[in-house]
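In order of appearance the chains are A, B, C and D, and numbering begins at 1 in each one.
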Amino acid sequence: MVHVALMSYTPDPERTIAAAARVSTSLVGATKLTEKLTPQAVDRLLAQLIASGHFSPFEHASFTFAVEGISRVTSHQLVRHRMASYTQQSQRYVPLKEVNYVTPAAITAKPKLETKYHDVVRGAHHLYLEMLDAGIPAEDARYVLPQATETRLVMTMNARELIHVCSLRLCLRAQWEIVELFERIKAEVERVAPRLGAELKPKCYRLGYCDEAESCGIFPTATQVVGERR
Amino acid sequence: MVHVALMSYTPDPERTIAAAARVSTSLVGATKLTEKLTPQAVDRLLAQLIASGHFSPFEHASFTFAVEGISRVTSHQLVRHRMASYTQQSQRYVPLKEVNYVTPAAITAKPKLETKYHDVVRGAHHLYLEMLDAGIPAEDARYVLPQATETRLVMTMNARELIHVCSLRLCLRAQWEIVELFERIKAEVERVAPRLGAELKPKCYRLGYCDEAESCGIFPTATQVVGERR
Amino acid sequence: MVHVALMSYTPDPERTIAAAARVSTSLVGATKLTEKLTPQAVDRLLAQLIASGHFSPFEHASFTFAVEGISRVTSHQLVRHRMASYTQQSQRYVPLKEVNYVTPAAITAKPKLETKYHDVVRGAHHLYLEMLDAGIPAEDARYVLPQATETRLVMTMNARELIHVCSLRLCLRAQWEIVELFERIKAEVERVAPRLGAELKPKCYRLGYCDEAESCGIFPTATQVVGERR
Amino acid sequence: MVHVALMSYTPDPERTIAAAARVSTSLVGATKLTEKLTPQAVDRLLAQLIASGHFSPFEHASFTFAVEGISRVTSHQLVRHRMASYTQQSQRYVPLKEVNYVTPAAITAKPKLETKYHDVVRGAHHLYLEMLDAGIPAEDARYVLPQATETRLVMTMNARELIHVCSLRLCLRAQWEIVELFERIKAEVERVAPRLGAELKPKCYRLGYCDEAESCGIFPTATQVVGERR
């Protein structure tokens, strides 16, 4: 079961982004700019940056999340996003005495298969423990563990990359578990930076159309909207 | 069973690196420099760059590998190296009809456990196929597959990062499967760029000592060599 | 005067990208895929990847350029693109005996100012040489050199980043000198990879609208095309 | 005159790094780990990570600096460090009415040359203003400005990269202005994270020897210490 806690983040992230952005077009330094910016000015500036696709100042605010209860399926997908920092629980050094794993809803929906699923996963974990007892190193015993096995990690991502990754991973084409993960990440960001949190959304909301081969229906396809122009 | 094939690479990689490096200290342009560099000059220049830790020109040569037969354990480790490009066989889109998986030598060494290992892995794959037949999407059915399951991918890495990653992954502290992977990668590079291939080696060979808590014995520890100085 | 020469590149770049892309959805390995892909299949695959914004396989092809005759104004802009490798002529180690510099057309258009411009630039270079003669290190003497001073560098960028950077730097909002630089880069890529070269174009051609505050007129603005939707 | 102010940073940076690091070897999640870590445990853990070269957890703490009064010589060097985020005052959009510039000490040491230096720099700035008045765009007029011209920027860098960049830029081989910049950056970090600040030091202090061709004398060369071994 996915669990996300915001461990730490750049204090006053939206003001930091706005002050940094203003440095590029201002004669005044960043320290003064930070003091002078009203919440309204911050809002207006972020909106302009987003509308014109100028995302680089969003790199100045970072968020660190403690992520628990995701499967190794999802952690493998997650770490493919390279503009971020990860520290993950090691299956080489940590023997997993308890069996914690994720069960997809598609499997839960079919009770007979679900029973078999639990049996196979637990059987694998049982053999894992037996191998540990027999002196097989944890790093080797883990080969038998299913990809459903839960892992935990700490992830730091800046706001620019959060916007980018959410544009892909909140899309309905992404797999349900990683969608869930980023919905929780979005909720955590929204708590402390509502303006920024609101920008964590599927790419179609930013593009104004869906650029995938088939649309989920929320937005018309690129062909329908700008087809002849592109 | 790990298999690595060098699919493509920057032609004449060592000369490209040397010509780029010379641009920084020369009045002449890179095109002329490339022509004029003798093989001896290339060798000498690469040796100087390496000795003084000036690795940035090594980024100008890239290598693209087709990697097959590694477990998902190892692909998950591999993609943690972020200064590289990966395209991996998708378990979301490709149903894995055949059961191909890796068996660690530590398990093969204990025949009774090995038999159980094969049974559990095959049992998991059997349930995977049954779930596919029952209409479970491949992306969900795969949760039951063991981490031993084989995957394939294409990886592109530049020479600077190859040197860095090999300094970590050819160390005996790395896990045997990823050591094997990078030994094969090294062999492929050596075939076409022997000077560069020779630089793909554990970090201790470059440092002159082992900076891990315990040494494997090839090099003395940092404490023994420079302990009082650091 | 900007000069760009393609020093080196991943051989058969479009086929390499296509073969890598196919690995993600195929049971067959990359080596076999490379052989089997017809030029038509490569074309079709690249078009699909681009239409749906799946650019990651484009990272497997890299291009190395020898760039000469750009000002330090432009090299400073250029190296802000971080997903690339640069080796630049060092003003610390190379004394610039000759005075080579860029003159913007806006200045050439006003002959009186142009004369003053040449005088000031040459005066600065004259003092630079005088300081070198007096034993001032080149790294310090260069402080007096104008930003117009020419530099040369080697740049390696993969096709994904080339597409991204051209989407920004071929836009008319970019400064003329960096536009010129990327027009020449595009020409070099087109020579050896026409399909890919054609994708090096301003972002509006891909979006179907202009997302800047004001459009240059080639495309209508985002507000006009998808305004109510976003 | 270089001025650095720490605008923002990950709160409690050393504890954040330590908690993240512990996740990799622990059964407990990051949130609990953060609470339980004593200052002594944090210190001990950071020391272990550093001694064995395991720097990745240091990526979880970021620092944002307002930098003012550096020359464009130094900003061009600075932005070559790609694992960081920069927002710089734009010479395209901000007309520089005042003449602010850096004068190297080597020039100040020679009064006659210094007088000429000020004359040439001010003459260039005078022509710059004249061109602005004549309607030349700021982005073109700036070509005449010397590299000594001051700029300001906001930079965000994580602790791992700060350690790495300081290992290069606090070395006496680096140019005096960028050394000064990073000395001030180090001082700012030390103020809020003394343990981490102490790790911002030239690479020789970490290696135990100097790996440059010639040593400044603080440490013996690699050849002297580990010469036969490497």
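To be clear about the criterion, contacts are C-beta pairs under 8 Å (C-beta built on N, C-alpha and C of every residue); 3 or more make two chains touch, one makes a residue touch a chain.
Quick caveat: nothing in here was measured; it's all calculated off a predicted structure.
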Common touching chains of chain B and chain A: C, D
Listed chain pair B-C, A-D or C-D that repeats interface A-B [over half of contact pairs the same by residue number]: C-D
Gap in Å, rounded to a whole number, between the CA centres of chain D and chain C: 26
Whole-Å separation of chain centres (CA-atom averages), chain A against chain C: 31
Per-residue overlap in chain A, given as positions that touch at least 2 other chains: none
In the complex with chain A, residue positions of chain C that touch it: 48, 51-53, 203, 205-209, 211-213, 219, 222, 225-227, 229-230
Touch list for chain B against partner chain C, complex: 5, 7-12, 16, 19-21, 23-27, 29-31, 34, 56-57, 59-60, 62, 64, 66, 68, 85, 87-90, 93-94, 97, 152-154, 156, 158
Touching residues on chain A, where the partner in the complex is chain B: 71-73, 75-76, 79-80, 82-83, 86, 91-92, 101-104, 106-107, 110, 113, 116-117, 120-121, 123-124, 127, 130-131, 134, 136-137, 139-149, 175
